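Below is one structure; the comments refer to it alone.
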C-alpha cells in the first residue's frame, strides 16, 4: 500500500520546473526593496532611537511622551514624500500590486525594526482594515475612515476575540448587534483588541452576531464602531508577559449599549465570514515574513554582543557552543526564508485556497523557531537581554504570542499532518483507515 | 587511560550507603511543612486572589492599590501568630535551624504562590539581608534595621550590579565609597536592584569599592544605605520582558554623593567579599527549589485547563501530544526535585564548598527545564496564557531571568563539565591534556 | 478547580520523611558492590578485551571463536569461587535477597561492560527464567533445567513475541499448544527470541495458547521447550540495525509440530499470565539500571576521547560546545540515577503494583536519554564511534531497542500522563472531564 | 557597530531577483526525472524486493546469494537500454551535463531506494572514480578501468582513510608509495574503504604519500591499485553499528609491499590534492540530496505503518503526538529540500568555491534531521523498525554515518558560524574582535 507518488494537492503535484519553484523577486519590485532598506537604515533607525529616548521615564503610559509623535510624523512625512507609502495595497483600479512573493522580501526588512511598518503606513491591523474598506466599503465609509487611514492621520483596530468564547471557532462570536430603528445597538465583551489603546485609534472593525438563529456561516457581521462612541468602555489592557504594550495595547473592551448608525454595517448583515476570508491567509504569512526579519535582527544583535563582550579573557562568542548557535540560527533563517518565499509564491500561483497547506506549514514552523533564536540572543546578552535596553525582550514576547495567535502551532501541525495522510485515503484495501479521515 | 573510577570530589566518592543518599525530610520539620502547605492553601491563596483583584485597573504602579497592603499585612499577622515566621533563619543563639534539605521541601511549596514567601517573611532579598545582618551586624545596626526586617515592618534591597561593568566578575564593582570625616561619600550607578521600587523598602546593603589599589579580594566593602538618603536617585525600573514588575521593581539607581555615617559599614572596610560568601550557595539553590514549586503550579494549571477547555469536541488535554507533554513534565519535575534534594543534602553533609558541583548542576538544570514546562502550560492556555489573567506569564519571565541571574546556564555547565574532566587530570601518559586544565 | 494537593497514589501521597526517600544502599550490600566493581575492573575488563580479540576475523558467526568460551568460563569460575554468583536471586528458602534498591546500585556497574552480567551468571534472559523456575518449577523441572542454569552450564531463552500479532497486547499470543496423549504439540511462529542463537542455549520458556475460547486472561500457558526438540526450526536472526548480534541472536523460530512431554508445562494450563507478572516490573527496571551504567561508560569514553584526540591544535573536548555536552550528560546521568533508585525503592516499599507509575516513569525517561548520550559519544569518536572498535555502536543499538521493548516510550508516557490526570477525576463540577478517563 | 548590511560573500550579496533564487528544474531535464521515477517504481522496486528475498538466509555474506546478481544485472540492462545510464557524468567532449540543480531533483529520487543508484550506474564511489578517470586518466587507464566502469562491468573503491592518522586533515596520509624501477611499491594500512568487499570491485584509487619532505600540498599522489594485486590484504570489514554492510563492506586493508606499474599513477606524482578537489563539493551535496529521498521514504513508511497498524482500538497514527510528528517531518523535508536546491543552484551560479557556505549549511543541517525522521519512523514500527524487515534500520545507520563522513556536523557548523562573524570583521572600532578571526 506504500505510495511514493507525489501528494495530490497544494502544488505538490506540479512538476519541479513549474514557476512555483521560481523564488526570484520580480525585477520591477527590486528598486522598492532597495529603497525600503535604505529608508529603514537612514531614517527609521535613527528616528527609532530618538523615539525610545524620548519615552524613557515617561509614566503616563497610555499617551505618547512629548516629542514622540513629532519625530514619528516627520519620518512618516518623509516616507510619504519618497513614495514609500501604502505599498502593501493593490492599486484600487487595476487591482495590481506587489505579488505576495515580492512583498515577502520587503516584509522581512520591515520585521527588523518595530516602527518600520508604521512609518510607511504598512502596519497591522491598519493594513487589513484598509484592505477591507477598500474592497467592501461604501463611498461614505471610505471617505470617513479609509481616507484618513490611507493618509496615516488615524489608526484603527479589529475587534474580534470574545471574552466568553473560544475564539478559534469563529462561530462562537456572541457580541450582539441588534437593529433598533436606524441604529445598531451593540452589547458584548471582547479582549485582545490590538491597537485600541493608542490615542490615535479612532475606528474599530467589530465582529458581531446579527442572526443568532441563522445558518452558522451567516450569523456574523462586521460593523464599524468609532472608539469614542458612547458605551465603548475600555476595561484595561491584556498584558503580554506583564507588558501592557502601551500605548498600542491589546485592550479589553465592554460594548455597553453602543449605538452606531446602520450605515456602519460592512457589506451587509450576515457577511462577516465572507469579509474575514479576505484577511486571513495573507495576514498569517505577513507575520511570518516579519518574524524572519526579527530573527535576522536577533542574530545580528547576538553576534555583535558576542564579539564585543568579553568574559574569561575572550569575546564571549568564542566560548562554549556559541559559534554553533550562530551557525544553527543562520541555517534556520535561510530555511525559513525559503519556506516563506515558497508559501508566498504558492499563494501567487495557486491562490490562497490551494496554497493553504504551505501557509499552515510556515505558520507552524516560523514563530516557534524564531522564538528560539531570539531566546538565544537574549541569553547572550545576560540581564540586558530581558530588559527594555535592547529590543529583544519585546521581540520575544510578540513572537511568542504569534505561536498562539491565528491558531496555535498545534492546530497548524494538525492540518499539515492530516493533509499528509489524505493522499493515502483512496487505498481501497484497508477499511480501518477511514476512521482517520472522519475524525 | 579510561578511568571508570569514581570522581574524586563533591561527594561522588562517598559510598552509596552514605547519608548523602538519605533524602528524607527530618521528622521534626515535617509538621512545619504540613503547616506551611495548609497556610498557603487556606490563607495565602485566597489573600492572593483578593490582592490581585484589588490591583486591577490601578495605574499608579509604583504604589500599592488601596487595600492591597491591608490584606497582605493581615495574612502576615496570621502567619506570625501561627509561628510561620522567619523560619528560614537559624536560631541566633544556637545556630540551629532548618537543614538545607528540610528547607528544600518547604521552599518547593513557597514557589507555588508568588506571595507565599513574603507572607511568612521568607522573601528574597530580605532573607539574605537578614542573614547578613544577623551574622555580622553591630548591635546598633541590628536594632535599627534587622529588628524591623525580622518583624516584617520594612523591606530591603541588595545593591550589587554595576551599570558600567560585567557583574559576573565581582572584582568589577566600581561604585566608590570614600571616607570623608565621619561619613562615607558614595558615588556610582547600579541597576537590577530588586525590590528597591517598593515604597516599603527602607534600606539597601550596597556593594562598594573602598580600596581601589588593594589586593583584588580586599577592595570591596558592603555598606548600609537608607533608600531615603539624599543623593539616592532612582532612574527607573529595569523591565523584565517589558514588565516593570512594579511596585517591587528591579531599579536603576544613581548614587550621587550619597552620605552615610561611617557606622553603616558592615564588618569593616575590605570585607565585602567575605560577606558575599554567606549568601551565594544557598541563594542559588533556594531559587531552584522555588522554581520546582513553579513547575508544579504550571503543571497543575496545564492539566486543569486541558481538562476543562474543549476544542474539536474534546477536552484539549486529549488532543495531539498533550498527554505526553504532561507525562514529560511530571517526569522532569520528579527528576529535578530529587536533584535539588540531593544538592541540599550535599550542602548539609559536605558543606557549601564541597557541595558546589551539585549546586552548579541544579542551577544549570532546573531553570531551563522549568521554563519549558511553564511555556507549555502557556501554550495550553492560548492567549490567556501570556496575559495577566493567569500567573503563568510572570512565572515564565522570572524563571527565564533565573537562567541569567547568579551566572548564566553556560557558566554553570562549564564548571560542571570541567569538574568532570578534572578526574582524568592525573593520567601521566598524555601531556597534551595539560592544556585543558590550564585554560 | 485547581487542585494542588498531592497525587493520590504511587507513593506521591506518602509524607517526605517516609523511607521512600531514603535512597541509601544498605550497609550489608555495600561490600558486594565493592566486590563487583573490583571484579569487573580486574577480571571482566581484561577478559572482555581478550574475548573480543579472539573473535576478530571469525566468520562462522553462530559459533564462538576458538578460545572465546575458555576465557569466559575461566572468568565465570573465578566469579563463582569468589561468591559473585547468582546474586540476583532471592534465597530459595528464606526468600531473602538483595532489595531492588541494592540491586540497582550493582546493576549500574553491570551495565558498564557487556560481559559482566553473564560472567556473574546474572544475565538476561536467564535471570528471569531462573526466577520463574525457582518459584513455580516442579522438582523435576528444577533438577533438569534450573540446576545447570544456576551453575552456568547452559543458557536459556524466553519465547514470547509472535510474528503474526501485535505483541504489546499479551492476549494476542497465537502459537498453539494442544495436549495429544502425554505430549503437548506446539505450532506457531515467533521472533525476537533473544539468546536462542547461542549454541549453549538449551531451553526456551515458551508462551503458548492453550484455551483459545477461555476467558482472555486464562488462555495462555508457559511451557518448557528444549531447543533441540524436533520441529524447532530456526529461520534466522532478527537483526538490530543490521547487526545479527551473533552468536546470541534474536531468533526467528518456527514451531512445527514440536512435541514436548506434558510435564514440561509450568504451573498448569492457563496460568501463563500469572507467571508473566513475576518478571515484568523488575525486568523493566533492571534494563534501566544497566542503561545508566552504559551512559556512564559512554561518558567515560567521550571524555577520554575528547582529551586525547586533537584537532585544530587542541584536544577536541575543548572545541565548540563539547564541555557543555559533557556537563549535560553528567547532569542527566545523576538525575536518571536518582529516578531509578527512587523507582527501585518504591518497589521495595510499596510493592511492584503500587510502584508502577515510577517504573513507567523511568522506562519512559531513561532509554531515550541514554541513547542521546551514547550518540554524542559516538559523534566525539568520528568514524570509530560507529565501528566495532569501540563498544559504543552496540551500546547504541541495544539501548535504542530498549525504547521499543517492553512497551514503546509512547505507551509509558501515556500511562504516566493519565495517572497525572486521574487525581482530577473526582472534581464534581465538570462533567466534561469524564470522557478523559473513559478513553 | 551593528551591521545589518548583507553578508559579503557566498551569494548572500546578490540581489533577490538574481537567478540564484530560481530553483526551477530545467525543462530539458524534466523528462529524465519522470523517467527515473517511473523506472524506480516499475523496475527497481520489484527487483529490489526480489533481490532481498533471494538474500534471506544466505550466510556467506561476502558473496552474493545465487540469483541476486542476475536480477540486478537484468535491471541494469534495462536501464542501459532505456538510456537511464551514467547520467551523472558530463559529456566527455562538450563538458555538458546535468546542472547540479537538475541532478538534485533526480538524486532525491535515487535516495528512496538503496539499489536505485547502482541500477543506473550512478552509485558512489564509482561516480567519483569515473569522473576522476574521465578527467585525468591516460588513454590506457581509461581503456583498462574507465571503460568497464562506464559499462557497469566492474565496481571500484576509493582508498583514503588511514588507520593511524586523523583523516580530517589530508596532510596526514602516510601510506607510502616509492618508485622502485618501473613499479611503485606501496606500504600502509587504511580502513573504511567502502565497496572493497564486493567481489566485483576490481580497482581502488588509492591516496598515497610520495614526497614526505615536499611542500605539504604536494606530498600526496593518487594511484590505481587493482584489488587482486599481491600484497593487498583485506583484514576485515569496519562495521557500521554492528552491520558489516556485506558484501559491499567498508574494508580495512593492509598494503604490504604492493607493487603496481608506474603507469598506474594518476596525473603525476604530487598531484593527489589537486585530484581530490574534483570530488569534494558535489560529493557532499549528492549525499544530502539522497538523504532527502531517504527522509521521504521514511515518512512514507511511517504514515503507511501508522495508518494500518492498530493499538488501543485505533490506527496508531491517531495516537498521541503522531500526527504532529508527521507534520514536522513534512515541514522539515520541504525546508531541507529547498536548502539543498539552493545550494545546488549556488554551485551552478557561483561555482563550488563561492558556494561553499551553502554546501556547509546543508551538510550541517540535512543528515542530522533526516536521522531524526528515520528514527521516528523506526519508533512507529516497533521492533520491526530496528530489524532487517524494513529498510529503516539500514537507512538510519548510513545517514547517521553521514553526520561523521566528509567532516562531522560540528566542523561544518564552525565554518558556517565563522563565515557569519566574518562580515563584522572590518568594524574598525573594536580591536578585541581580531582574536576571533585569528583563531
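Letters A, B, C and D name the chains as they come in the text, with residue numbers starting at 1 for each one.
Everything that follows uses one rule, which is that contacts are C-beta pairs under 8 Å (C-beta built on N, C-alpha and C of every residue); 3 or more make two chains touch, one makes a residue touch a chain.
Computed from a predicted structure; not experimentally measured.
Colleague: Tally the contacting C-beta pairs at the A-B interface and at the B-D interface, and name the larger one.
Modeller: A-B
Colleague: Could you find the chain whose CA centre sits the greatest distance from that of chain D?
Modeller: Following the centroid criterion, the farthest chain would be B.
Colleague: Which integer distance in Å separates the CA centroid of chain A from that of chain D?
Modeller: 42
Colleague: How many angstrom lie between the centres of chain B and chain D, each centre taken as the mean Cα position?
Modeller: 53
Colleague: Report the inter-centroid distance (CA atoms only) between chain A and chain B in whole Å.
Modeller: 38
Colleague: Please set out, as single numbers or ranges, the residues of chain D touching at least two other chains.
Modeller: 310, 320, 323-324, 410, 413-414
Colleague: Where on chain C does chain D make contact in their complex?
Modeller: Residue list for chain C touching chain D: 56-57, 161, 166-169, 192, 235-236, 238-245, 309-311, 319-320, 378-379, 382-383, 385-389, 393-394, 396-397, 400-401, 403-405, 408-410, 413-414.
Colleague: Touching residues of chain B toward chain C in the complex: what are they?
Modeller: It comes out as residues 1-4, 15-19, 21-27, 29-30, 33-34, 41, 105, 112, 296-297, 299-301, 303-304, 307-308, 310, 314-315, 317-318, 323-328, 330-331, 334-336, 338-339, 341-342, 361, 364-365, 410, 412-418, 420-421, 424, 430, 432-433, 435-436, 439.
Colleague: Inside the complex, what are the residues of chain A that reach chain C?
Modeller: 320-321, 323-324
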